[in-house]
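Chain IDs A, B, C and D follow the sequence of writing; residue 1 opens each chain.
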Amino acid sequence: MFGIWGHPQASRIAYYALHSLQHRGQEGTGLVVTDGVSLQGRKGEGLVTDIFTVQSMAELKGFAAIGHVRYSLGGSDGYENVQPLLFRSTSGSLALCHNGNLLNGAQLRRELEEQGSIFQTSSDSEVLAHLIRRSRLPSLKEQVKYALSLLEGAYAFLLLTEKELVAALDPRGMRPLSLGRLGDAYVIASETCAFDIIGAEFERDVLPGELIVIGEQGLHTEMLTAAPRRTLCAMEYVYFARQDSNLDGINVHTARKGLGRQLARECPVEADVVTGVPDSSLSAAIGYAEELRIPYEMGLVKSRYVGRTFIEPTPTLREQGVKLKLSAVRGVVEGKRVALVDDSFVRGTTGRRIIGLLKEAGAKEVHMLIGSPPIKFPCFYGIDLLSTSELIAANHDVEEMRQIIGADSLHFISEEGMRMVLGSGLCLSCFTGNYPTAVPKA
Amino acid sequence: MFGIWGHPQASRIAYYALHSLQHRGQEGTGLVVTDGVSLQGRKGEGLVTDIFTVQSMAELKGFAAIGHVRYSLGGSDGYENVQPLLFRSTSGSLALCHNGNLLNGAQLRRELEEQGSIFQTSSDSEVLAHLIRRSRLPSLKEQVKYALSLLEGAYAFLLLTEKELVAALDPRGMRPLSLGRLGDAYVIASETCAFDIIGAEFERDVLPGELIVIGEQGLHTEMLTAAPRRTLCAMEYVYFARQDSNLDGINVHTARKGLGRQLARECPVEADVVTGVPDSSLSAAIGYAEELRIPYEMGLVKSRYVGRTFIEPTPTLREQGVKLKLSAVRGVVEGKRVALVDDSFVRGTTGRRIIGLLKEAGAKEVHMLIGSPPIKFPCFYGIDLLSTSELIAANHDVEEMRQIIGADSLHFISEEGMRMVLGSGLCLSCFTGNYPTAVPKA
Amino acid sequence: MFGIWGHPQASRIAYYALHSLQHRGQEGTGLVVTDGVSLQGRKGEGLVTDIFTVQSMAELKGFAAIGHVRYSLGGSDGYENVQPLLFRSTSGSLALCHNGNLLNGAQLRRELEEQGSIFQTSSDSEVLAHLIRRSRLPSLKEQVKYALSLLEGAYAFLLLTEKELVAALDPRGMRPLSLGRLGDAYVIASETCAFDIIGAEFERDVLPGELIVIGEQGLHTEMLTAAPRRTLCAMEYVYFARQDSNLDGINVHTARKGLGRQLARECPVEADVVTGVPDSSLSAAIGYAEELRIPYEMGLVKSRYVGRTFIEPTPTLREQGVKLKLSAVRGVVEGKRVALVDDSFVRGTTGRRIIGLLKEAGAKEVHMLIGSPPIKFPCFYGIDLLSTSELIAANHDVEEMRQIIGADSLHFISEEGMRMVLGSGLCLSCFTGNYPTAVPKA
Amino acid sequence: MFGIWGHPQASRIAYYALHSLQHRGQEGTGLVVTDGVSLQGRKGEGLVTDIFTVQSMAELKGFAAIGHVRYSLGGSDGYENVQPLLFRSTSGSLALCHNGNLLNGAQLRRELEEQGSIFQTSSDSEVLAHLIRRSRLPSLKEQVKYALSLLEGAYAFLLLTEKELVAALDPRGMRPLSLGRLGDAYVIASETCAFDIIGAEFERDVLPGELIVIGEQGLHTEMLTAAPRRTLCAMEYVYFARQDSNLDGINVHTARKGLGRQLARECPVEADVVTGVPDSSLSAAIGYAEELRIPYEMGLVKSRYVGRTFIEPTPTLREQGVKLKLSAVRGVVEGKRVALVDDSFVRGTTGRRIIGLLKEAGAKEVHMLIGSPPIKFPCFYGIDLLSTSELIAANHDVEEMRQIIGADSLHFISEEGMRMVLGSGLCLSCFTGNYPTAVPKA
């Protein structure tokens, strides 16, 4: 998500920024701008380039904007869940974007509904807006502080009214959020790659538990929590963020490459070539190859097809072999022992399919190397991991998994190894089951 | 607006019905369907053929639907005001369409906002949904009854939940609403022309003050008011409805032609040809011509251009004479005395422009004949009439108006004449200032 | 088709003009412009509003243009047949539009192909361009004159090069073509309604056998034939042209109304209402009603649906009664004796369907009145009439036809009556079999 | 370009194949299919996903197809130049695609025009079709043989008629073309990556000077030249082809990596990181890094934005720093000595811009390493190299070029080094000036 305050072409800038954040969600996107008098928005299901047109940019006039790309948490979808959500009242409008997941969202929602509140969406993100409106406190800042004090879980919020832009991060800073400057304008983004594309300067990361309010008076900041402690989601490094972003000061490509090197130290295999699963695993694969001095090769190619206009192959054509997302490069892997590096291991189905492609293309052996530990526990903080029953590592040991995916060997980086590379201030709960907050029982 | 219950292709049927109702609003359109488990919707700013695609129809699967075409009441626009509005709650969803105008809408909204309610739109139509949710009554029917009892003004509502379709009409029946059957399915539409296009049978008009609930148990009806009395908006006959619809049992074309005949009896002019302003005034013009045995001719032609894809002329081209909406037919009017029939007279600007076109095309005289009395008072019931200061007839007498528009003579049908043609059960308040309800002071 | 020379926004003007000529062909449209240096074009299958976008208009920069709307003559279709056709050569480019039909087109084409010519299209219109290029004469005017001298049949041509705009009409002037002025620019159009929409002044009709060349030196004209004689296609009056156009100085609406009046004199029926088949038969119906003093009513309504974005009903929905093009208005026709006026009678299928609709809607009797004589002979000049075997009047007498369509009576205007209304300088060959040229035997 | 014969969904298969060949041309694309009776086509300016829709695929029914992606040779553009070109004649239709460049194309065209031939396009590719039609030989195969015998230059042709698919390669095989099987169907493609995406099996490369005719009788092949000798364009390896294709049996990624390794042996630099210009230089950069054991890093990121729907930044926004195509990753390059590997060096402008980006992002030194020798001579065989005056290496020595682009050092692989990696059967004329054919003087 992205916010900007103080630029005459706020919606255009936001468009490019959202475009650079597209990898964080492909299901929908939206943008709300203000000209100081009213809020206007546009949103839809699809990619940034599907939803926004030259005309819609021209209509979204204003000096401030917030925008979002939607990543669905296995929940029910639909147009109305695309953010920013927009709320109208006689005293002014409010737009809201949320990354993360609220642990007590459903319960708060039930309570609000019992008091007569109506929701536009099936998403719990909307709870914040209702709490704000019900707070009856004099200023937006106080309203938001009160409302946030009731929330538990992981969140990065952006709010926009006619007069103010608000950013808030949960007390553990589980989701990334950074602050920058574009000339005199303020910009806030989930990842720093959004600053690079628009030519903005990175200023600093938003702090865990920080509340930022930007308005006519400039930027004001306040800490919501006494002793905040960053516990950034490790999966952001592993596969979610873009390789040219910096998270908590660490470049994502460098972090991934470090994971690959560490993996090589822990689990060296005998191989003729190293190849990675595009795109998020390439850095780890390069690190693995460099450390072991095995040639890194492009053994897999990913097709770039895009947006709503692409004509999907019929099931018949798929069966006949039309394979669009990934194909193995025979000229690279034929007759070779392949070290295949992937970033993570969730259900095992992708791994099995890729190993199949490589073997069909003539690979003699395929050794699978995973740049993160086995995922054994569900995530409650905004990553769409499956329930325990679907997590292959929650139900099988490594040898069973190896057999299931048809690899010649299967290796994971250790938790300790991961910590050595990425540091200790991370949420590793999906690997360890040690959650940084209380979590639901079921 | 249109609703259907009990048809396997509910969204497709609604698409065609909304298409036939397009004349009631061109600013936006939406559709919500249910499959009994959840509600799904799609809406947008534009025409029915702009917003719905084959794909969106395929995605909107269900056996019941409600849809709307948006006609904006001078209010602020925007995507979120396009109906049906959709409300989500843990106990089920609710979709809502509204035609008309609530007199106490703004006040109810303020009260609800003070109690912490959040609105998605700037439209008062949303009030009904909040009142329903806050009622705490056990059944939807009772909730709706309670909520409607708080509303004042003109309304036709359609509501859809996963289990029920509800239609309601205000106690005076100021806006039209009809009930029909399409095989086993029930259909409800603002105008009967929607039934014709889908091959449905007209059953009856919804009664003033009637509440209809359709669900698994079939159709149930109930009267909300002891002594309802139909006071249908006269402007529906005059220009709003489509000529092939029947309102209160009277065909609209026939009604308009009757107005034209009556106008001829009251205000015969000496003319060589009669022509009408397309499309809504053609019937009245034909009636006028028939009564006076003056030839009816097509002296004005209206271009059919449509939808978002049309390229509007630049201001320069307009000045140079590119005139798209209406053009006068020189071959018909040159050297002739023209009786020009229009349906109504609001600001006078259209009249002046058309008279200019006719004179440029060589008309010797232009006599303007209006098929409704002078509009002197604002409407509070859902027709977008201007404030008193903009209504030409509120500020000028007939001779002044004649001079302003440049006509050789100007004539209006009398109120009495209109009543003779259309009967007495009509709201004529914009002509007379006699409002059927209490109205705001300002 | 439409041409313009000498306007800085030639493509925009052409866009509006083509839009007003859309009724002459809905299968495709194209536009070629010149800026004096090169020709650029855009074309496609669909309506004017489908094919041209703001962007394509911006790209088509130039001071002169020709454009076309495609009406297919039962021939094979396809993108490449959409006109203007564009020919490139090292010495300059040539664009070409054609209305009409060449009697010796196929033979000339065979001869050219035998000499090694390659065609881009399956249309004979392309022959002219080849003849021009093969002529080896020094000026475009002489080349065109030579090429036209080889053609037989009906044609209106527009040609555009980087330096000249050429218009030509066959020696009988069977297809309409008019010349006008828009400020300093010259405009040429198939119908005068194109002039009205762009604010141009009608100057005169292009003469039979006239060749017009417009270039830097202004407009030059030349007669290709010694004794030209206008033999305009009667079907242009009957249904092809738009009612606000003038053909040969006669307004089309007025001509049609005259046909209706004459029909009333020849074949009065006892009826309660007169109704016409929209849109082309309304004028005749009004004339018929006026003459007999029977009320003219809107007993049939035509839906306005448009372009590529309209979702066609599935066959199942059609069977269930979704009827989009035409519907009968029960409120108008129920219990009535209906005089149904149509402009022409080709296969009888439309008549049968409409009579069915009217009877379903409660009409007591339906008398069918046709504003042209029975069509018994094929057209060789550019109207898509069927082969003799499909023309109902070529194979059945009036009583048989009446039974086939289910009318209570069936009447046609006489040839003599038509001549009285439209004058004698017309091609009536589809009614009489008297062709103004030699025609193929088969 | 791509051809298929003998598959019930020929157009769909071609769609996916063209999609995988999109890198070979982004200006336009087209597809022609045959069902044995006629040819039908669709083409347009834009990407494969812009031009083809589900509907257009459904309309293009047939068992054989040829398709093309357009790469413009600095020539004049426009819709009609998009291939396949389509020619109609009474004896059947012909569609044509061409890759390459004809040395005597302009002269043959002039001769044909003098004989009265008309061209649809400004492209010389059309010459072949005219020569075929004028040959008067009895079979298509003989016609094509005759026509090809008149052509000089580089070409790969695909032709399609209702009955046959023809592929032809010039006697030096300067452009790549491969043959494969998809079940019983034959497929022909410019690159083998098209076979992988559709699940086809690579059979063999088309031979220099080979003519292949596929029809009802199966596949027939014939050599047009006595002593053909493959002289494949080196730039195909250097940057044109996709890294997962094999050219002449050599995988492109492997070839590029080999160039990078050789470059490292010839020109090792002292650097902290190696980075490549995405996408075509990544393989060479990896090879360079591997050979020198310097870490390979992602110091540059390329945005994926696509097709017509992308909203280009305004010039103002560009000046303010919105940089879309490429951005430097500060976290990777800050404070580092960067070895920047690019595949080729044409004008030097891209190099200068990238070095600027890297230095702005904090790079301490930037050493530029080019995986091909300096380009000093124009290409006459289908690669869009500039005229000599624009080729930086034709006018400056290495030190001057280094200064112009602002690099700390600049190095090129040697011709000898390139030959060692890629073998000797290549056209290196743009590096050496030794052209394999006679070439024009100017």
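Basically, contacts are C-beta pairs under 8 Å (C-beta built on N, C-alpha and C of every residue); 3 or more make two chains touch, one makes a residue touch a chain.
Note that the structure is a prediction, hence the values are computed from the model and not measured.
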Hopping along touching chains only, can you work out the least number of steps from subunit A to subunit C?
2
Distance from subunit D to subunit C - Cα centre to Cα centre, in angstrom:
47
In angstrom, rounded to a whole number, how far apart do the mean CA points of subunit B and subunit D lie?
59
For the pair subunit B and subunit C, the C-alpha centroid-to-centroid distance in angstrom is 36
Mind pulling the subunit A residues that touch 2 or more other chains?
none
Taking chains as nodes and touches as edges, what kind of graph is this: line, ring, star, complete or other?
ring
By the touch definition up top, name every chain pair that qualifies.
A-B, A-D, B-C, C-D
Complex interface listing, subunit D residues touching subunit A:
9, 12-13, 15-16, 19-20, 49-50, 52-54, 57, 182-183, 193, 196-200, 242-244, 246, 250-254, 257, 282-283, 286, 289-290, 293, 295-298, 301, 303-307, 309-311, 313-314, 316-317, 320-324, 327-332
Which residues of subunit A touch subunit B in their complex?
38, 40-43, 76, 78-80, 86-91, 106, 109-110, 113, 115-122, 129-130, 133-134, 136
